[in-house]
Amino acid sequence: MQERANEMIKIFIDEKPVDAEEGTTVLKAAERAGIHIPHLCYHPAFPPEGSCRMCLVEIEGFPKLELSCSTVVKEEMKISTKSERVVEARKAVLEFLLAEHPLDCPICDKAGDCKLQDYYYEYGLFESQFKETKEKREKKLKIGKSLILDQERCILCTRCVRFLKEVTKTQDLGVFHRGVHSSVNIYEGTSVENNYSGNLAEICPVGAITDEDFRFQTRSWFLKEGESICPLCSRGCNILIEYHPGFSRFELPNRVYRIKARENPEVNGFWICDRGRYGYSYLDEGRADKIILNKIEGENVLTWENISEYLGEKINSMSSAKKTSGIALILHTWLSNEELFLLHKIFKKDLKVEKIFFADLPEGEADGFLLTSEPSPNRRGAQEIGFDIKAVDLSTLADGTDFLLAFGPFLSGLFSPKYLKGALSKIKRKVLFSSYSHELNSLFDVVIPVALIAEKEGSLTNVEGIVQGFQPALEPPGESLPEWKVLCDLGKELGMDSKFYSEFPSPETILSEMGEKIPFFKKKND
Amino acid sequence: MTETLTEMLVIFIKIVCALVWLLALTLYLTWLERKESALIQDRLGANRASIFGIRIIGLFQPFADAIKMIFKEDFVPPFSRKFLHTMAPFISFFFVAITIAAIPFGDTLRIGNRTINLQILDFNVGLLFILAMLSLGIYGIIISGWASNNKYTLIGGLRGAAQVISYEVALGLSLIGLIMVYPSLRLSSIVLYQGELLFGFLPKWGIFLQPLGFGIFLFAALAETKRVPFDLPEGESEIIGFFTEYSGLKWGLFMMTDFMEVIIVSTLLTTLFFGGWQVPWLASDGFHFPWGGELLLPHVVVILLQVAAFNIKVFFFCWLQILIRWTYPRFRYDQVMDLGWKLLVPLSLVNIIGTGIIMTI
Amino acid sequence: MIKALGYFIEIIRGGLITTRHFVVNLFYHILKVLGIKTKRKGSVTIQYPEQKKEIASRHRSLHRLMTRPDGKPRCVACMLCVTVCPSECIYVEAAEDPDPEIQKYPAKFIIDLGRCCFCGFCVEACPEDAIRMDTGNVEFAQYSQQDLIYDLDKLIG
Amino acid sequence: MKEKVLTEHFGLENLYKIDVYQKQGGYRAAEKALKKMKPEEILEEVKKANLRGRGGAGFPAGIKWSFVPDTDKPKYLCVNADEGEPGTFKDRYIMSHNPHMLLEGIIITAFCVGISVAFIYIRGEYEAIALRLEQAISEAYEKGFLGKNILESGFDLDVFVHRGAGAYICGEETALLESLEGKRGNPRLKPPFPASVGLFQCPTVINNVETIFNISHIILNGAEWFIKQGLPKDGGTRIFGVSGMVKNPGIYELPLGTSLKDIIFKHAGGMKEGKKLKAVIPGGMSAPILTADEINIKMDFDSLVEANSMLGSAAIIVIDEKTSILDVLKVVTKFYSHESCGQCTPCRIGNSWINKIVIRIAEGKGKKEDIDSILRLASNIEGNTLCPLGDAAALPILSITKKFRKELESYV
Amino acid sequence: MSPEFSEKTKKKIEEIVARYPQKEAAILPVLHITQQEFGSISAEEEKLVARILGIKPIRVRELVTFYTMFSRKSLGKYHIQVCSNLSCSLLGAGNFVDYLVEKLGIEPGETTPDKKFTLSTVECLGACERAPCMMINFNYYGDMNPKKVDEILDGLK
């Protein structure tokens, strides 16, 4: 993205005229034109290495096959990526790679998204001629807190070595020995210990480096991918959530099996930190899936259809003076821009509620690269919308409050249960929107299960002020639904500007409305 | 007094014997049906039922079936006419079973100075009685079809009624010729007539005097039994029949009725067309062969021979009916009706006229 | 009329055919009862529990899991059988084997025979020849569905 | 027969000492270049002389120098003395005899291109020569031929000897640079060529020892004279190293275009112990083999290319009739599988694979298809690798297997 | 006990390091010196070199395993390296190695128990004109034959 728009030149790939940026490589130009050139050692994040020899292409005027990952395009260059010679060369390279590569796909976690497998299906499909014995190497080497290296599977693309050299600058891995005995290894007594080690397993094109967290859990072809944004810090890294849609007959222990980085040069490049990668248990563990009714006076059963009715009735029944002083709100910054905007409009602007607090996870430590210190994905968004981010003060909160509307499970992390119980018992009506079944839930009259960021639509503003939209990657469990739905209905219910809320069938429309009202959000989303 | 009592005892014994004979034959007809069909189809047939490990080629199968049927749930559909639903199989069963009363099993048995007719009741209108009883059996079908309160059973019942009534006509008409030949409705007389010889050597059996009548009667009787190829009322394999809603013993009764009808038809065929208990050239004192020569036999032996001959003939017709049932495919409903009304009825009329012409000549 | 007569003849012929079968078969049955051995048999019936038809070598019978020489399952929990199973009746849970040459073994291997359609795809898919359907056992009917769920021990044993 | 140029005074005792060398007219060329000539003139002269690189590829040195861009970055000269090619020993020989001639060439080259630091990358095994070179360097410093302000021309030059540590691949220029930078000797991607981005990311000239040896003679005697010593397209004499089954193995400085037969039978004294010639490897082990029938060939770049071989480092290895070609193949494949750096897939795995096949054949477990396998694998390596080592391995294997297929088949 | 260079060597290393614009570039000369000083480059020495040059030990290990001249095992007093490449093998290097193996009682790559000799076969030593040749601690010996070897080795003892 930093690259200035270079001049476009015309090249020919497989006799098809293609526009390419000047100075770009053949591989990138082809990728842009939708032609995939197989490659193993090349990774867009690193300078070309040229060692795997998979990306060879035939270029008119060159006697040898040229590396597409390093050859720079020139005007009128005629490139052929599928000529017989190229395919033969690819086949040859594959044959060499597979000669020394163990055939343990059945036990390899990479099987299914292994590049070597893919290319073999695409270009190989030969009978093995290799009758000699393969080199014996270390099969199971623990090289990091959750990484396992299988040197036999390694094809020496050195992506891992380069990653540790150029991204984390820790240089934990090296290539030892030479020739066919070359192998990637760690120095004894050391290991890959950094907050980005999980990326190694992801960039490894074969199953040489596998992730212990995912090791043997399932097979990758069962998994489906959903795009989302990591909510574990304010960076807002783009992620892919890989989940298992389940078997019809057998129950699986969990839905989400791993998180992968999704490329976004503006935010996270190609990487995500280990916290975001391995901290996905929040998606499955302890989820609430039913509306909990602890204390309801005289009403019938609450469902999602009549929650807004219930809330609206409770708020409307308060005297107008009490509306501003009697209502208290506890928010958190896992709410999307749209939800915060609706909350701001309803409670701050229309009802003029003053007691609005934010309960979030306590600050952590930043690592100087992607991970930020604030584990709140939308703090910046809340500020831009106009919230004054105040920490929860229980005495102020309870003082003269009749109606408490709380969001999120984080309250329990901030105060001791006893203290919390004492303060909350003074408040007459308490409603909680939370995704978890938590002991905190018992302190509220009604607990409404809500969807997490991975399960809803909306947008988040990251620490740098980039507004990123997201779509649901997973189905919310049980009765859970996103908050914005109930907030839209509540707005209508309160009748202050019911037409205004009626115009919001989706977060997208809310965001465009936000753009109208708050210049910060204008056109940031596209 | 004692005379009356003895008379009653004799009749009672006769009833018991006839019923036991009928029911036992019915039971074993089920076995026979299975075995015969198996032989026809190169199979083995039922041979598993055993008592203490003895399983003589499946002869205990009928008992097993009976036990099974008795212990099966007797399910009465909640929407049915319960009383009629329960009654129907008994009606069917009763009217078939009662026909046996008119069938002569043999000549008069003489024990001392007492003569015993080997026939429960020697009606003078025995033939009419049998025809009447057979046509009354249709009530069971119709009632069961209707009382089950099921569209399909009703259709089955109606079909059954229509078919049986249609063939009743041909059946009755086919016998007119016979009555013209043997001028009696008394079955024992008919049998006796058949003991005479035609042209001095050929027994005067109905088959020889009334070949066409025999054919019509055979077809009509087969249709009466409602078995393949005339099984449109039940159509076990695809059409849903009148006893769909029956289970257990009541269904068993329908099944038994079915087989009993086979036996009754066989006895009628034997009695009317094959000389009943008559053995060719056997008189009450022994054989008198037409080519000269005699074989004199004691009275008991003659009676036993006659009863055996009757049984063999009945048995043959049972066998034949089962063979027919396992050989031919089912008629279409319109074909059944066509056959009855358009072929058998006119043919029987032709038979009557023909018989009349021949007799007057 | 001639046509009808033709039908009639055919009908009679049909009856004769069945009669022939009846008589011939009866003859052989009687011979058998009398203890006379004949080449031809009266029926084609196989008396199942006592007599058993030889199972063809390609017949797909009850599954079994093969073992390594040391008795461990040969299965490496690659889950290809799970993937290929059209009735989704196989469930595998992998676990780490301390032996780096094996690495992966099935901690759970469950086949729900109640769902299995015996297509044999799992056998075809298995890269380790760990699952076979050659036991020749076709008599594993059970009174409850639960008893048809076979786990690792049952499949190996 | 033309005169010897490089090896002219090799008979002299203590030629490696600066005094002796100077007595023979040493450093006159350097003086001439630095005092009387401009760098452009030198470049012009070298270009005119058609001096082709002596390392193997035969790229004209003058053109190579002209690629060096004019930048503010420091520029480097690397003298490639990593003589690893089996059969080649000329550099060791000439360096040990006359190290000063190399230094003189370095001075002129550095002056011409504007270089102030030169590294002599010498293979690790040549410790004695490295010491001799270091001694010569210190002598040159003392005499003012190196160091600051050489010969009052305002030109500074430092020369260092850098010992390799046993890696054939470091003879490849980019691998040499990597090795010099203290990394594994893995070849770099080209482009960028070392002339623009080389040692420590700076423009770098890399030349073979023998190439640099020639420089002083070109400067001293002029390009015309130099061309006369050889062929018009390919100036100068060439040092041929003859080894193997000959009577007199050693180096022979001869003009390019001398016939191979003459070199073997005339100069090297013919076959040892009256053995029969079987094959010749004409340019170091990576050159395709020539059979006994093919030795009537002129030894220059183009003639050999025509004969599908190459001049390479002009190291002639003579193989006699008694030697089994399988043994030759075994040595060749073992060498390349041992020396592959392990970077590119075809070279890393292909060479070891071929080696394994050859060993298997030698063990008597070969099959007929194995020979086809060798051919297929070798041709798959050829042209598919980053550096020329892949080709260097594939070519001899291909040529040996093709030309001696019958003999190889007799082993399977 | 981690090893340490002598003061003299340290100075020498400083001098060498000063030649290169990047400290890391001096690693090969420094490793040569290390090998000379300690006889081998084991993990401890690797760490020492890494510390001196300010790089990670793993970088040193990469080089030590890449270049064949560095030995991670300690060598004997005399390191006999016999060329096994083409020119030498043509002239009987194979027999010559066999002779040495017999004489020293060790296989190539091993060291005699008295730590005096280490025998290794190497690729071309660049002395093909004197084939078969060998090198004992960087001293070349050419035109080898058993008799000559005996003389040389006896001279070393």
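The letters A, B, C, D and E name the chains in turn, as written, and every chain counts its residues from 1.
Everything that follows uses one rule, which is that a residue touches a chain if its C-beta (ideal position, glycine included) is under 8 Å from a C-beta of that chain, and two chains touch if they have at least 3 such contacts.
Computed from a predicted structure; not experimentally measured.
Visitor: Can you list every chain that touches subunit A and also touches subunit B?
Guide: Output, common partners of subunit A and subunit B: C.
Visitor: Can you give the shortest number of steps from subunit A to subunit D, where adjacent chains in the path must touch?
Guide: 1
Visitor: In terms of C-beta pairs in contact, which of B-C and D-E ranks higher?
Guide: Comparing B-C with D-E, the pair joined by more C-beta contacts is D-E.
Visitor: What chain is most central when centres are computed from CA atoms?
Guide: Closest chain centre to the overall C-alpha centroid: A.
Visitor: Please identify which chain has its centre, taken as the mean of its CA atoms, farthest from the centre of subunit C.
Guide: If we average the C-alpha coordinates per chain, D ends up farthest from subunit C.
Visitor: Could you please state the distance in Å, as a whole number, between where the Cα atoms of subunit C are centred and where those of subunit D are centred?
Guide: The separation of the two C-alpha centroids amounts to 74 Å.
Visitor: Can you check how far apart subunit A and subunit E are, centre to centre, with Cα atoms defining each centre and the answer in Å?
Guide: The computed centroid separation for subunit A versus subunit E comes out at 53 Å.
Visitor: Distance-wise, how many Å sit between the C-alpha centres of subunit B and subunit D, to the nearest whole number?
Guide: Using C-alpha averages as centres, the distance is 118 Å.
Visitor: Could you work out how far the Cα centre of subunit C sits from that of subunit E, in whole Å?
Guide: Using C-alpha averages as centres, the distance is 70 Å.
Visitor: Counting only residues that touch at least two other chains, what does the list for subunit D look like?
Guide: 167, 184, 338-339, 341
Visitor: Which residues does subunit E have that touch at least 2 chains other than itself?
Guide: Each of 59, 62, 66 in subunit E touches at least two other chains.
Visitor: Give the pairs of chains that touch; include all such pairs.
Guide: A-C, A-D, A-E, B-C, D-E
Visitor: Could you pull out which subunit E residues touch subunit D in their complex?
Guide: 19-22, 24-29, 31-32, 53, 59, 62-63, 66-70, 81, 84-87, 89-91, 122-131, 135, 138-140
Visitor: Inside the complex, what are the residues of subunit A that reach subunit C?
Guide: Of all residues in subunit A, those touching subunit C are 104-107, 111, 139-140, 215-219, 221-222, 247-250.
Visitor: Enumerate the contact residues on subunit C facing subunit B in the complex.
Guide: 11, 14-15, 17-19, 21-22, 25-26, 29, 33, 42-45, 47
Visitor: Considering the complex alone, what residue numbers of subunit B touch subunit C?
Guide: Going through subunit B, the ones touching subunit C are 36, 38-44, 57, 323-324, 326-328.
Visitor: Which of the residues in subunit E end up touching subunit A in this complex?
Guide: Its residues touching subunit A are 43, 56-59, 61-62, 65-66.
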